[in-house]
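We just call them A, B, C and D in the order they show up, numbering each chain from 1.
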Amino acid sequence: MQVEKSNEVERNIHMDLKKITEEQTSQTGLTEQISENRANGTREKGIGAKGDFKPLIVAFCCNWCSYAGADLAGTSRLSYPAEVKIIRVPCSCRINPIFILRAFGRGADGVIICGCHPGDCHYSTGNYYTRRRMTLLFSMLDYLGIEKERTRVEWVSAAEGVKFSTVMNDFAKTIHRLGENKKLEDLRCKEFPY
Amino acid sequence: MQRVSVLIELIRERAQKLLEDGIVNRVIGWKKGEFFYDRTPAVFQASDDLSELIYDGFCSANLSKYLIQENKKDGKILALLKPCDTYSFNQLIKEHQINRENVYILGIGCPDMLDINKIRGKGIKGIQKIEENDDELIIDTLYGQRKCRREDVLLEKCLSCKGREHVAYDELVIGDLRNDLTIENEAMSDSASGKNPYEMVEKIEAMTPDERFAFWRSELSKCIRCNACRNVCPACTCIKCIFDNDRSGIASKANTDTFEENMFHIIRALHVAGRCTDCGECSRVCPQQIPLHLLNRKVIKDINEFYGEYQAGADTETVGPLISYKQDDVEPDIIMRKGGHK
Amino acid sequence: MPKIGVFVCWCGSNIAATVDVKKVAEAVKEEPGVVYTADYQYMCSEAGQSMIRKAIKENGLTGVVVCSCSPRMHETTFRKAVVAAGLNPYMVEIANIREQCSWIHKDKEEATEKAVILARTAIAKLNLNQPLTAGESPVVKRALVIGGGIAGIQSALDIAEAGYEVDIVEKSPTIGGKMAQLDKTFPTLDCAACILTPKMVDAAQNEKINLYTYSEVESVSGFVGNFNVKIKKKARYVKEELCSGCGVCTEKCPSRKSKNEFNEGLDNRGAIYIPFAQAIPNVPVIDTSACLRFKTGKCGICAKNCPADAINFEQQDEIIERQYGAIVVATGYKLISLENFDEYSYTQCPDVVTSLEFERIMNAAGPTKGQLIRPSDKTHPHTIVFVQCVGSRDTSGRGKPYCSKVCCMYTAKHAMLVREKYPDTEVYVFYIDVRTPGKNFEEFYRRAVEQYGVNYIKGMVGKIAEKNGKLIVQGSDLIANEQVVIEADMVVLAAAIEPDPSARSIATMLTASIDTNNFFTEAHPKLRPVESPTAGIFLSGVCQGPKDIPETVAQATAAAAKVIGLLSKEKLLSNPCVSSSDEMLCSGCSNCEKVCPYGAISFIDKTFKIAGKTEARRVAKVNEAICQGCGACTVACPSGAMDLKGFTNKQILAEVDAICR
Amino acid sequence: MMFKINKDRWPELFSEISRDRELYMPIEKAGQIQFEKWNVDAKVRLDQLNTVKSPKDFFFPQSENIVAFKTKGKNISIFENHDESRPFVVFGVRGCDAASFKILDRVFLAEPVDTFYKTRRENATVITLSCNEPEETCFCSIFEIDPVDPAGDIETWVIDDVLYWKSITEKGHALTDDIKKLFEKADQQDEEKIYNHKEKVKDIISKLPLQNLNINEIFKNNSMLEIFNSSKWKELSQPCMGCGTCTFICPTCHCYDIRDFDTGHGIQRFRCWDSCMYSDFTRMSHGNPRSSQLERFRQRFMHKLVYYPENNDGAFACVGCGRCISRCPVSMNIVKVAKALGVKDDE
């Protein structure tokens, strides 16, 4: 909704403000809201309950190799930190740099991309494009002074459950070392209450 | 500027002829403005309007971008393209944004473009008239006469000129520039005018990450998201930019958060990666004078280093580096090893 | 507004032990769209599935999230389940809380927390899911077999047997392959030709089978059920339809310098030649590199002497384009080059031969008419040394890491045959291990040792050198633990086998994957051993890995069975998770087309009416039958006009947001 | 009452002002001169005529949070969350920019009042600064704006390293009283100095190239429809690339958009500047009512030169600061438009 003259909006804002006051008098007061939100704080990120830094790591895995590799790691009970959350994509070439920046914006501390080994792509060529795109993206992030270690590409085949868990452990270690992502986060997504 | 005074006559002549012979039905060039330096791209229909057609060191606007819209109209248009503009043109042909048949390119010589912002940057105010005297500019202002060396106020892109050759044209009008230009051309390679385009990029790469971060923050935080860089960019040919498209999920109209400043410029650099001809328009038009070309040049430098020398727009066939690959391409972790200090 | 049901599976204790499933079910209640949550011991069980079906019916669910094992396990199961309840199969999302959560995390609190996030992520995605329907594509009822060896022949015969048309493309002038070169076959010692040539004839005579010999696959496009293949029929310079195969030309040909490939170069052949007597087709071919006519322009004796006037020097290569529903790869193998193995002096000493050369020497139809004589001085050898694992099980990098599998047995065979025909000949075999896993193999080997007195020496050969007409073989006897030196007359090297050099390029054409040794990889090493991961491509014979004849024939038949199964289908359902282009956003730049590995994207000029103005624009069109849904185009497209159904930009962004929330 | 203070003591002055209020003034940062918060090491540039962005930011920021929603289960909570505005001072505002505030006031302070804008206006003390060296792009005088007597709470002049200070309004007096101790009184000579200075600058202004632009004649003597339908728009809009530079640097442009941002935990509603040059400006379900760049381009100038005066007793929504003239990527600007429209189609 857009307006050239402020009048309509003005009115809306007034209404909103009224709502706010009503809302707050009627239901939970602001402070309570805060505490309540902190309590069931949906955000598992930042400083964890035990006071230790709990990073947030997003792993994009291609369906054919790396996701299967992750499954194998699972069936082989090869553990890696719970901080790692996997998003399944058909092929690493489906991963748009926008997804990666979005993750960082939303507070991810590390983003790792896993695909089939070059030459073994289920779609034969997908990961070759991934390789170039990501190289340039990482280089650009580094150029902007954003810690390059926060991003990584690893080729993990369906047979490399061990590699998958080793990689994830290692990556998590790196991110722990780097600490919270401050340089590429969107504060609006972090600050209470939104 | 005498250097081009002859050339403009030749251009007018040819344009006139081509219009009268009905080979083209309009001409896109530049028009004089209110002052000595403001030049507006303009389309001329009638041959007697051509008296208003002007060409000099301030006609830096890259007209290729306009051809995207113009070539949708009826009839053939005569486009005046400087050597570096023709790279953009080729790229647009390659990406099917222009129908070659609808454009008649008059390749025109380039006297090296001047940057009015650099002139103003020298504290020169109230500019009334600019005289050119070989390598010196004599500027009459409301506050008296000022002088400055030509090469000190050249447009950034001209400092590392791609060369004098048009990579696309139907006809060339180089005029008397040719001789002294070819000389310059040789000089170019080593002399100041042929300065390494990646000099600044390398400087930034040499900084520590925190310095780099500080540098880009201070630059990008100036961004007012006017979209001038995007709208002027010959590589930005999307019908609707993802940043304007509410359905894209990442539309953003203002830099409400510093993240959006980064996001916009990183994604823009990547979207034009392998397509950017380094025409420098983005930096030229930025009202905040953010050196946006340094983002694009970084990408170009990387591409050249990792995947072999590539000049977008050099031809209309070669497949761009981001939509092609080699089986033995470098692995992304090369960035971990090189790319600036730790 | 979606109505989502979330079902959390215990997987017995597999999940429930480390993830508080009830808590997960509780935690996602408040998520947007969620109207129903439940947990159960085994969601994949019939009881679990009916629970889902019931919930869908009772709560009018529009989508289902199952928090369970990997989607690779049960996605299809649950899709079927919701279909039974009237939902679209693609309104199901799986949160993998077993392989990627309960099985790898110890701390229950931590695991539960992660499970909740994974569930949320699936919900966030499902909120944006659209019902998808699979496209249908017809099946061309014709198969292509690449390679005319025993594997290819067998597959072709079986497919033809089922009544489908089959084309065999063989790059050499005749079918038969390596088996045709063999003398006898283990463990039965029946002659290879006797069992192979009848099959060759069958193949030639079967009206369902069409042979393209001296031909190569030029290009492959299309997809399962509808491959479009260009075959290059190389010029033989002999008109097949006229030639009677009398062979006059081959006798009269003045050029005699060319090595005879069929006899492994142990003798020479003419420039116009028929590889061997039982070649099929029995039509000569001109080797232009040797033919005087082609080299000097003079000669032409063959043409003059041909009673059928079948010679045609002007003949050109011919490109044949055909459609196939399925393709069988049977490209076979070759022996590795031995130039890296100087210690065996193969390149220097003519009397050091490869096992395949030895097959020819022993073969009645071979260069020596079956007489066992030394290539160098044509004398009868009295001491023969066989060396096994030449380049096999080699980790030095000179050879191959794998076991070539057939060497142990054929070496035993050779030794046995030599001892049988020439009892006066001493036979030694150097081996690392003798591997005889196969029906009657061990017995066969024992006969060689016990009955035929072949001397087996466990150890490797260090050096072979020629010394006045003798071959000095220095090796080690690991059992006696001593160095042994044998003065041999002849040495036979059991060279490793490797995939035919054409494998790589063919794999690329077929977009089928191959392993580091260039053997074709199977879709699943145990459960789908004769299929390539690329739909519609099947594997037959050594191209997939070393094997002997019976195994090859077995696999060939298995591949044929798979092909028959495919060709018997009227239609194939295609994966509905394919790309599609938003014409209102597409600027026709062609970036997507360039990255599409399947050529699924084409462009059309379309006129649009925008705000009263009509404007013609070039826009991308995706052929949904060809698109395999990799998504490369979606990233190559800057405007986001290209999107991938089932994995849309918004869905993935929603997943990212949910994880980072 | 006029005061003065020497350049060497300006830092004292600035720190004194900023003691219990924020002080914003033209400061050089990354090569550009912007209104920035003053601090001890700030590079003050009072010599700069125009900042790139106009000071309208202080009252009508490019983007500001309005309200946030948080949904939890079935209930929604609403939080007013725009930043609280504290008293602040804007120093070094030129006559043109100062005049632009009045133009914005007519929009935002008209009923129903924009409380966000209003609070900021009330909290602000505007210290204007007389121009010394007008640029060739300046044409404020044709809007009866006096750059040497720039209307503000406090008016100042800088003449050979001396700052002259004259408070005009109550706010002005209040601030002045706070910091009086730093000043010396200006005497008769000073008054003369200032007078001469003004004369000198006025003389330059009379020589400026754009002085001859008789804007009233063009727009007051032509009917709205006549102008709207002029054939000139086609040619004028042709080079326009539809970027928002002119609107964003313009001190009087005041269109905005209201947008929601999904933060993952709720919705942040904010308003941000919009540009009538954008293709999605005032987009409705059926699209943008102005489908061509010509219409969008025309809209901007019709708004400034015709519609606004129509609703505001003839006042143009332009102050002649010349920003658009020097910044437009294709050098198309309001002066060219006005001049072109000044020439009748049949002429």
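The working rule: a residue touches a chain if its C-beta (ideal position, glycine included) is under 8 Å from a C-beta of that chain, and two chains touch if they have at least 3 such contacts.
All values derive from a computational prediction rather than experimental measurement.
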{"item": "Comparison of B-D and B-C (more C-beta pairs in contact)", "value": "B-D"}
{"item": "Per-chain CA centroid nearest to the all-protein CA mean", "value": "A"}
{"item": "Intercentroid distance (Cα basis), chain C paired with chain B, Å", "value": "51"}
{"item": "Separation of chain B from chain D, taking each centre as the mean of its C-alpha atoms, in whole Å", "value": "31"}
{"item": "Between chain D and chain A, distance of the C-alpha-averaged centres to the nearest whole Å", "value": "40"}
{"item": "Of all residues in chain B, the ones touching two or more other chains", "value": "240, 242, 250, 256, 322-323"}
{"item": "For chain D, residues contacting two or more additional chains", "value": "257, 261, 264-265, 274"}
{"item": "Residue list for chain C, restricted to those that touch at least two other chains", "value": "595, 636, 649, 653, 657, 660-661"}
{"item": "Contacting residues of chain C [partner chain D, same complex]", "value": "30, 32, 610-613, 657-658, 660-661"}
{"item": "List of chain A residues in touch with chain D within their complex", "value": "1-7, 9-14, 16-17, 19-20, 23-24, 27-28, 30, 33, 37, 42-43, 106, 188-189, 193-194"}
{"item": "Chain A to chain C touching residues, read off their complex", "value": "42-45, 56, 58, 64, 67-68, 70-71, 73-75, 77-80, 82, 85-91, 93-99, 102-103, 106-108, 119-120, 122-126, 129, 133, 165, 189"}
{"item": "Residues on chain B engaged by chain A in the complex (per definition of touch)", "value": "204-205, 207, 209-216, 242, 250, 256-260, 262-263, 266-267, 269-270, 273, 295, 298-299, 302-303, 306-307, 321-323, 325-327, 329-336, 339-340"}
{"item": "Partner chain B, residues of chain A touching it in the complex", "value": "97-98, 101-102, 105, 118-119, 125, 128-129, 131-149, 152-153, 183-188"}
